[in-house]
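Take a look at these structures.
Consider the two complexes below, in which chain A is the common component and chain B and chain C are the respective partners.
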Partner chain A sequence: MNLFQKTASTILATSLIASAAQAQLSDDEIRIGYLADMSGTYRDLSGPGGLEALQMAVEDFGGQIDGKKIVIFSADDLNKPDVGASTVRQWVDERNVDMVTGLVASSVVLAASQVVEQAGKLALISGAAASSITNEYCSPNHIHWTYDSYALANGTAKAVLANGGKSWFILTADYAFGHAMEADITKVVKADGGSVLGTVRHPFPSSDFSSYILQAQGSGADVIALANAGADTVNSLMTASQFGVTQSGQKLAGMVVFLNDIHAMGLDVTQGLMLTTGWYWDLNEETRAWSKRYEDRFGSKPGMVPAGIYSATLHYLNAVKASGSDEAQAVRTQMMATPVNDMFAKNGKIRADGRMVHDMYLAQVKTPAESKGEWDLYKIVRTIPGDEAFRPLAASQCKLLSQN
Partner chain B sequence: MTNLHIKQDSPVLPPQVVRERQQAAQRRKLWFYLALFGVALVAPLAVYPIFLMKLLCFALFACAFNLLLGYAGLLSFGHAAFFATGGYITGYLLSEYSGLGTELGILAGTLASAVLGLLFGLLAIRRQGIYFAMITLALAQLVFFIFVQAPFTGGENGLQGVPRGQLLGLFDLNDNLTLYYFVLAVFIVGFAVIQRTIHSPYGQVLKAIRENEPRAISLGYNVDAHKLLAFVISATLTGLAGSTKTVVFQLASLTDAHWHMSGEVILMTLLGGVGTVLGPVVGASVVVTLQSYLSNGPLGEWVHVILGVIFVTCVLLFRVGIVGWVLKLAKRNF
Partner chain C sequence: MTMVFGIPLGVLLGQLLLGLINGAFYALLSLGLAIIFGLLRIINFAHGAQYMLGAFAAVLGLNYLGLNYWVALIVAPLLVGALGMLIERGLLRRIAGEDHLYGLLLTFGLALIVEGCFVKLFGVSGASYPMPELLKGGYNLGFMFLPTYRAWVVVAALVVCLLTWYMIERTRLGSYLRAGTENPKLMQAFGINVPLLITLTYGYGAALAAFAGVLAAPIYSVTPTMGANLLIVVFAVVVIGGMGSIMGAIVTGLAMGLIEGLTKVIYPEAANTIVFLVMVLVLLVRPAGLFGKET
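Here is the complex of A and B:
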């Protein structure tokens, strides 16, 4: 590989190859790659906004560690695993990138993290939902930071049950992700004395939800759970609003819903929706101050994913500084040894399976009357302690756990 | 068309002059391909090999598609199904049976696509034009949903961490350079099959069917059988491209099965020049390069817009595609 790159750089003096050649000569830099969807479905969740948060973290750190510059590369994965994997491979092969962050669509994340593991680098996954990342796909080379599907489904289902929603109807996206979520919800509901009156599976992706929503409405359940994500969730919420589901007394529980979705749909459609979030901009003075800075730079309030990227990057840079190395395992050990304490998490800790455990929040979407501003969207109903929110290690299939 | 009339000087030339000219053209072509081959051999020294391998896989995909659209005049909107089937079968076999050689894995994937191509073809060639396109699209969507649901594909996560394995038990394909030359060999084989098909008498019949189907029927050709064979060859080579891509990236995902992929290959073919031998290669290079390099740069958010503008410009200004346009220029000036 080295030989090839040396030859390459002597043959072609393009700027790209030249920068790769410098990377070969000295590694006096911390190199961070930001891979996310900059142009497609997940752009608003974690596209340019996540990059902004990453830049903020680097700037807050002074842009350098003991005189060594922190450099950011960014790329669009187009939500294609092959594009994501080859970008990351190129980063580690040609630019010797130390850490990759962002990482949204689960297929891209799994592909990219495999490359990262082979290359012995580190990935800090913030955008992805799949809890399998720290379960069957766990690796010593990545850490899952912001949230995961288990925590979202679990948190929301438990809280809604506690608030009196005993009978459930589940609307499931008919693919592995939806099935896993349906199973998680069912387990929680049954364990806490509730009942599941029925489920209906819709093809993934779907645009017409009227028949499913009608079934859910007709079931007479207290709660309609949406075990789907992205555009499917948005479409089902829109349909539910048109059919007056919440007005007729049923509750809606979204499993994977983000601040930008709620903002886009508006409070008229989403009011009353229960959801779990890893972070909210209006939690306390510290989050408000950071969100203000972010908004001044980027133009909108941050959701939990950019905040998670900021937190993960800061924690990473601190660990690099403390350990004096950018070698992945040294940094990871240092990261695990220090609790995460910043505007994102208080006393967050990284478990052996790579899950960053921190408090989650159960939120209810405000009514238009309650909301005092464009971004005043959630009221926080309850803080879910981290140990309760995430999948317990005892139930984990992670291969790293059995080794210890 | 007018250019063709001006250049119609061949009928008056004596036969040996015609033969000499043909031979000279053949020689020029041979040198041209040899030069291309030389470039392909040294290319990984200058350009990132994985990028080149991706380019070759998509070039083969587009060439296979072009065989159907450019030479048989059949616009399939479901080629992603063959691409993905090749990829998934190869990926599954290589992951599950570690003793299996990579070449056998690829062969199995290719074969699966061929069988699927036969099934699709039997149904689809009964209709023409837009109906043909819709049938292939519908069948491909069926296949897409099978891949979403089937347990072995890993659903939306895709098949991950497919081992690259060994070629014939001799060459370790985990080395990027070794793999590159293997992929190059696969591409050349695929490309040669297409070349041979186009220039064979069978290829001539295909062109005749494309130009005037009733006339081909009246001349006594079994049009359906010809079309079906073209469809199966195209599907097989598409599967070969998909299988190879899985080995390169060590993954197979729903992206490959999505109808966007069927659209992308149409874009590549039309952009490069439909019905030209090298058009799809050029088109695939342009699209893949733009995707790769734009997504890394500050224009990342604009990839789709830029591709769209290029496509519209191409359709409006030079419908024959890049290679078609170059050929036209060459014809006018030499």
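Here is the complex of A and C:
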């Protein structure tokens, strides 16, 4: 063992002793890290808005727990897994951050959550889509809160099939997320007696979709499913509208569509589109009241991701208070023992695999005539019960389940 | 149905037509870059930002001043062109004659600042721009549905490209410009105001980018990063055509659009890379580009 290794192991040993000897609330502060894309493609999905929601949660909680202050750190992950992982590493090592939230791009989340697991902290994932987060990559150190790709594909595809869309053509973003989504859609379509006539995988990101839309049109499928996200989905939908896809009787199904996307495209282009969402600002009195407060502070209505961040943070802080500890497993156990009841979810429950199961909503984008305001964009067609929306535990590959 | 490369002829024709439409954008943007490089010897990395500014000028003009599409098509290029002239006078002039790298870094920095400000102001989801009434709808060509607007894009872009080519290659002003490219000192000795010519050229290049931006506004989502994504491909087009070659930029732009269109049917996964593949091949065989002069 050379000198460097000796020093390293001494430091490691000391830090282990130190953490074991820590008081119940470490450093006399609750430290929360907010990691999200603050400047790139996914900025409007969470970004500064998600941070605002996090601050609202902390303020609503009173800013402290039994006299111990709640402190927020925030950083831009630039949608780069290495940046995200090293930021979280720095937070847990140097600032002793207890919980990390936000967490948008799936690739960043998978990298960052490994660091969180090694450090024995907790991650509350609100922004990311990949359902693998609570499947093959599940961990005792993270909870997936708002939605996931399984629930979106399942909710939207089933509804479209029920409305008579039997033959499908899938437009897929050519990377891990798109492939997973394509597989999820194919599974649902085949299970319900439909067929997939073809797929086309476009490079990520692309700006011109006319060629792919033309191929989808040529396939003669009833439904064109968009297994892409963000700007790719926006451009696909706009192109489809120009090429008269809906006029010719074909239906479009956007799999990952957010409120800010619809707002950006406008109702002329998006009307009639079916989508699945984890939350909507105009569900009831409670959601409207919260959204009003958010809008007064931030300037736009919240999408499901900031709402999820608010809900997850409040639930976390309540659990810290109830358990009198900020140790990750103690808090997680407390969080799992308490149902989630707030403006985001009713009777939401956190499963052993880390999935927060709550009702999802099947929505249809309003027509310009139906819409009464800038943000009056969805009509809720159906509430999908949580147990139906998310991947059943029986079909899960999560390693945590077999241990029990 | 007749098959070509294992693809029905109708599908192939449709894809080629779409390729031509994209090619028209490439041609318009690479033309501006080629003109600027020709006279200023500056690799204008702010070109994407100027394209984005054109699109945003159209959106903001409509939302706040009620200016319609046709007005925007004239006003936005004028505004962005004027801004370009200010940039040339205030910044680029100071580094004239220095290594290419300085111009590249300066314009790249400017582009990052402008895009950053727009992200801060408007977010990344961007805005949508309504299709002008006159150009809504489309034609059924039998093998495909051609939206009127896309046809208009090809016509407008080609007309502007050819007018520019004519102006530079066939008029007196153009001859000054070409002479200025060859030997600025001698031109100045003849009493031609070369600095003014340079300012106007940069302004015109920027205006072309803004014109392309307005053309793009109704069909693509208008976002702060729309130019940055396109710029790299356009640079490849300019390199393939030969830096500084006017006709080279136009022809290569259209050709790359067609090749990309074909790739999207035959092997879509490679659609974003094919242009760069062509660039590598061209550089290996003709380092000065297809239409460039060997020096």
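Keep this in mind: the second predicted complex is superposed on the first by the 378 of 404 C-alpha atoms of A that agree within 3 Å, B and C clash if a C-alpha of one lies under 4 Å from a C-alpha of the other, contacts with A are read in each partner's own complex, and residues count from 1 in each chain.
As a convention for this text, a residue touches a chain if its C-beta (ideal position, glycine included) is under 8 Å from a C-beta of that chain, and two chains touch if they have at least 3 such contacts.
None of these values were measured; they are calculated from a predicted model.
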item: Partner chain in contact with A:Asp174 - chain B first, chain C second, else both or neither; value: both
item: Touching partner for A:Asp44 - first (chain B), second (chain C), both, neither; value: second
item: Partner chain(s) touched by A:Ser207 [first = chain B, second = chain C, both, neither]; value: second
item: Touched partner set for A:Ala130, first chain B, second chain C, both or neither; value: first
item: Chain B versus chain C as contact partner of A:Arg89, first or second or both or neither; value: first
item: Contacts of A:Gln217 with chain B and chain C, given as first, second, both or neither; value: second
item: First, second, both or neither for A:Ala264, with chain B first and chain C second; value: second
item: Touched partner set for A:Phe243, first chain B, second chain C, both or neither; value: second
item: Which of chain B and chain C A:Asp77 touches, first, second, both or neither; value: first
item: Overlap of chain C and chain B interfaces on chain A (superposed complexes); value: 39, 43, 174, 203
item: Interfacial residue positions of chain C with respect to chain A in the complex; value: 11, 14-15, 18-19, 21-22, 116, 119, 123-128, 130-131, 138, 144-145, 147, 149-150, 219-221, 223, 225-226, 229-230, 261, 264-265, 268-273
item: Chain B-facing residues of chain A, complex; value: 1, 4, 7-8, 11-12, 38-39, 43, 47-48, 73-83, 85-87, 89-90, 93-94, 106-107, 110-111, 114, 130, 132, 137, 174-177, 203-204
item: Residues of chain A defined as touching chain C within the complex; value: 39-44, 174, 200-203, 205-208, 210-212, 214-215, 217-218, 231, 234-235, 238-239, 242-244, 248, 260-261, 263-266, 268-269
item: Chain A partner contacts - residues on chain B that touch it in the complex; value: 44-46, 48, 50-51, 54, 145, 148-149, 154-158, 160-161, 176-177, 245, 249-251, 253-255, 291-292, 294-296, 300-304
